[in-house]
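Chain lettering (A, B and C) follows the sequence in which the chains are written, and residue indices restart at 1 in each chain.
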Amino acid sequence: MAVLGQNAYHTETVKIAVKRRPHVNYFLTEEQTMIRDLAAQIAREKIAPRAAELDESGEFPWDVVETMGKSDLYRVFIPSEYEGLGGGCFEMCLAVEELSKACGGIALCYAASALGTIPIILFGSDEQKRKYLPRLASAEIIAAFGLTEPNAGSDAAGIKTTARADGDYYVINGTKQWITNGGEASIYTVIALTDPTRGVRGSSAILVEKGTPGFEFGKKENKMGIRASATRELIFQDCRVPKSNLLGKEGMGFLVAMRTLDQSRPGVAAQAVGIAQGALDKAIEYSRERQQFGKTISSFQGVQFLLADMATQVEAARALTYAAARAIDGGEKDVSRMSAMAKVFASDTAMKVTTDAVQVFGGYGYMKEYPVEKMMRDAKITQIYEGTNQIQREVIALNLIKESVRGAARAASGGNGSATAKK
Amino acid sequence: MKVFVCIKQVPDTTNVRINPETNTLVREGVQSIINPFDVYALEEGVRLKEKYGGTVTVITMGPPQASDALREAIALGADNAYLVSDRAFAGADTLATAYALACTVRKLGGADVILMGRQAIDGDTGQVGPGVAENLGISHITDIRKIEEIADSRIVVERLLEDGYARLATRLPVVLTVVKEINTPRLPSLKGKLAAKKAEIPILKASDVEADVERLGLNGSPTQVMKIFTPTRPSGGKKFTGEPAATVGALLEELTSAGISIRKSGK
Amino acid sequence: MDPIRVITQNCVGCKLCVKSCPFEAIALTGPLVQGRTDRNTAVIDLGKCTLCGACVEACKRYNAIVITRRTFKGQDLSQYSGIAVFAEHRGGKVASVVPEIIGAARELAKQRSCTVSAVLVGKNARALTDELLSYGVDEVWMIDNTDIGDFDEDVQADLVTEILLEKKPEVFLGGGTVIGRSLLPRVAARILTGLTADCTELSIDPETQLLKQTRPAFGGNIMATILCQNHRPQMATVRHKVMTPAEKVASPQGKVVELSHIKVPKSKLQFLEFVEEKTATVNLVEADVIVSGGRGIKDPKNFDIIEKLALATGGAVGASRAAVDAGWIPYSHQVGQTGKTVKPTVYIACGISGAIQHLAGMKGSDMIIAINSDPNAPIFDVAHYGIVGDLFQVVPELIRRLETPG
């Protein structure tokens, strides 16, 4: 170091690891740290400066998507055979959390593409994967997932969109609602009924490309929050797609949907954790600057306790999120309970923490010029989409009860589930 | 097209502060970074490669830790890197540094375009670029804000001056020092970072680059630091009250005696 | 041998060297001090040491630290005398920094009892000699040739080198301009002598008669004084507006020495065109100097004195939220919690009260100057210098002072 005068050679070797990680150490691998730090850098340098402006205009941030693509973020969760980096849910969550700290809406442009990519990764044929994954990995194109309909939200089984077989094609008719990345994505996984008589068991997952005749988009929704992300209706009117676009087999539609959502749900949790952390950081900073009654408001126990609770809850949400992600990546068979718990707790935490953050900012927090009201508006959706928190609670409860039933049955049959008769 | 980029690992001087009690540099939390101007040079080098084909080689003269900067450069798109490191280089001023770097470039087979930032943020001299060119016996142009085109070994550039810019042309090879107006550097990519992690960075010693030891390091440096001191800094809050002519005069006098000029100066 | 070492027999473990080292490169981890069991001698970490010599200075009493310097052979010092300056010019005009370096040169010449010369090369150079002589130079060493274009730096470097080798001045000064900072390093590298950039102070050491070159480092956090002991000429560049310009002499006595015997080579650089640009909107966040206006500006049309002051300081225009909200200036200029965060070298706050939200955006500035009519304005708590007064009187006065030379 030291260039005093012009002694140019000796560069100081102080490589202080500036501790920017205030929270618990998750002992990430070097690659995971790379992903997290790069996402954090993009968040800090490219997203944070644009967040307020894009929230206002609702314009889709293609330039940020391009930057994230060039940095290989979209490559993270795609298998290496298809030009991905072979990371899993955990790595994707690392990226989503960091991006969300700067803006939950822009982060969603990344996370929703992951949601649309996962069906292809899980159920696509080699040919389908080869066709789409490399381009998704480089973010040359982005993806979207279409399940929800105007009359089928929580009751996803109530979908009405049909995909009638006609020779080598499916003809799709129906409407999907509130689809994130709708209109911007190039490839859509659409869940439609190939056999309406069989109800849910008659649904299939079909890939539809933007630009296919008969596939239109509704107007862009004007949302409360996550406004930088694009939300549109998908309108299918006699839209013909080749049968080769079917993912997996006919009748697997719901399975595709459920498995996909299980895998992506920790991503929503990670988004919520990121939004909450971002709000918490701002609140702490502000509390140290704002002075009333001759001292900083961080001196008041009321504020201190609020901040402490906020931080503890964010930490707990984070732990649940990454535990669920790890379980998924580890190949755990039944991940729905963990995944649901992570999502419900993280999103409720995000709502509470962002609301409290606005409170800490006081009157200023209510003003659009300060960043926290946006975070509160952004947080709300995490309690609603990808399965409302009410549905999540039902999933958790049913899962608990099922397990209890299984446990009792095991005990009744003499332990270990072995078929030995009662002694 | 063979592009060389000379980079320097520097402390993040925007964060460097003097501890007023001990008069020492406070190094807590000061990161080592690639000299920001060199990042722009590297970006330009990678863009030249993308446009004209070829390779981008990064070199730096520094202690072993400078290889971190080289890895960062690989993550940003450089193809390969060399660390020029030897105790013999210690204490080098810009003359000795330019000499060492020129020997390295020569030893590595020369280049078509040698890029570096206009100055390093710790030394701020801007002298190494012209020095390298002189040692290699090739042209140099400083303060490049745009490379317009390269065709048939002829390069056309825009050079930023205080009051505008000049369009100049010359034949390759050439040393160019760049200003920040030239481009917007890309962010590192994950694939780049993974490659950087695996990259083998050869260390070149004085003998490897066939440098005359007499011209290296402290002994190769005509200039030497005689003394360092902390400048008289304002210790917060000197208020001037009175007639504008008097207060303004007093303020300017204070600033001058503290060695600070707020007059518009040339870049 | 290591360039720096501790003579353990002389070291008493007093720690003065440890305290003096700005790089924490010294620790008392060596063998025990002779005759003591409680103190160790100093050890220098060569990985951190920059050979700045602060410890040698600190250890004057015991002389336990030695820096061995055997610089490569320089020039025969006895052959060199005189102070020379580079007469930079472009477009038929002498660069504005030149009178200032002549001023500095004349001061040095007084201390050295020697002459001041100007090195002038270019096409139609002779048109500039009168002006140079009017600043009191003793000789103008000139090469006037149509083959020396304003931007033919390679030719200029060749010629300046030849002139310096022939005339042998002891000191050669140039401006820290774009051209100066490109040309002089090339010349120094060719002659193999030392060059110090951007000096803020130049003086002759009374003892050694060497040129003491002082300059800032680390963004100005530290000042270094540099010597060029064994090589000539001792070269330095000086930035515009740092030194005092030379006063013109009533009846110039100097003469022009035309060095037409020096061959002018052809340039390898081709000049295509020069495009003039009014100072492009200086990027607010990158600016070294920012002049900001706040509520005290009172009226949009008054913002022009902020712009004028910004122009006079070569800085960017900033504003507080109050001014932006009032519609006096676009949001892109806003500095503060909800505007831009800036860290300039100098921040001049005019009519800004210093609300915490504004401070959040600029409190990292190296130097804060505040101008406000309210002596109790919070801005004065963070300002390094403050002027209590009516900004509509103070700012124009400041502009006037900055625009007049001297």
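Rule of thumb we're sticking to: a contact is a pair of C-beta atoms (placed from the backbone, for glycine too) under 8 Å apart; a residue touches a chain by one contact, two chains touch by 3 or more.
None of these values were measured; they are calculated from a predicted model.
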Reported most central chain by Cα centroids is B
Per the definition at the top, count C-beta pairs in contact and tell me whether A-C or B-C has more.
B-C
Suppose each chain is reduced to the average of its Cα coordinates; what separation in Å results between chain A and chain B?
42
Chain A to chain C, mean C-alpha position gap in Å, rounds to 53
If you average the CA atoms of chain B and of chain C, how many Å lie between those two points?
17
Multi-chain contacts in chain A, i.e. residues touching at least two other chains, fall at 1-7, 10, 12-13
At which residue positions does chain B touch at least two other chains?
11, 27, 63, 90-91, 93-94, 122-123, 125, 127-128, 217, 221, 223-225, 228
Contacts with 2+ other chains: residues of chain C
22-23, 47, 49-52, 196-197, 217-218, 222, 224-226
Show which residues of chain B lie in contact with chain A when the two form their complex.
8-11, 27-32, 61-66, 68, 89-94, 96-97, 120, 122-123, 125, 127-128, 186-194, 197, 217, 221, 223-225, 228
If you look only at chain C, which of its residues touch chain B in the complex?
2-3, 19, 21-24, 46-47, 49-54, 57, 67, 69-72, 74, 97, 151, 153-154, 175-179, 181-183, 185-186, 188-190, 192-198, 200-201, 212-213, 216-231, 239-242, 268-277, 286, 289, 311-315, 343, 346, 348, 367, 369, 375, 380-390, 393-394, 397-398, 401-402
Residues of chain A that touch chain B when the two form their complex
1-16, 18, 30-31, 34-35, 38, 41-42, 45-46, 67, 70-73, 75-76, 85
Chain C contact footprint on chain B (complex, rising order)
11, 13-14, 16-18, 22-25, 27, 63, 87, 90-91, 93-95, 98-99, 121-131, 133-135, 139-143, 156, 159-171, 180, 214-215, 217-231, 234, 236-242, 244-245, 247-249, 251-252, 254-255, 259-267
Which residues, counting only chain C, touch chain A once they are in their complex?
22-23, 47-52, 196-197, 215, 217-218, 222, 224-226, 337-338, 356, 360
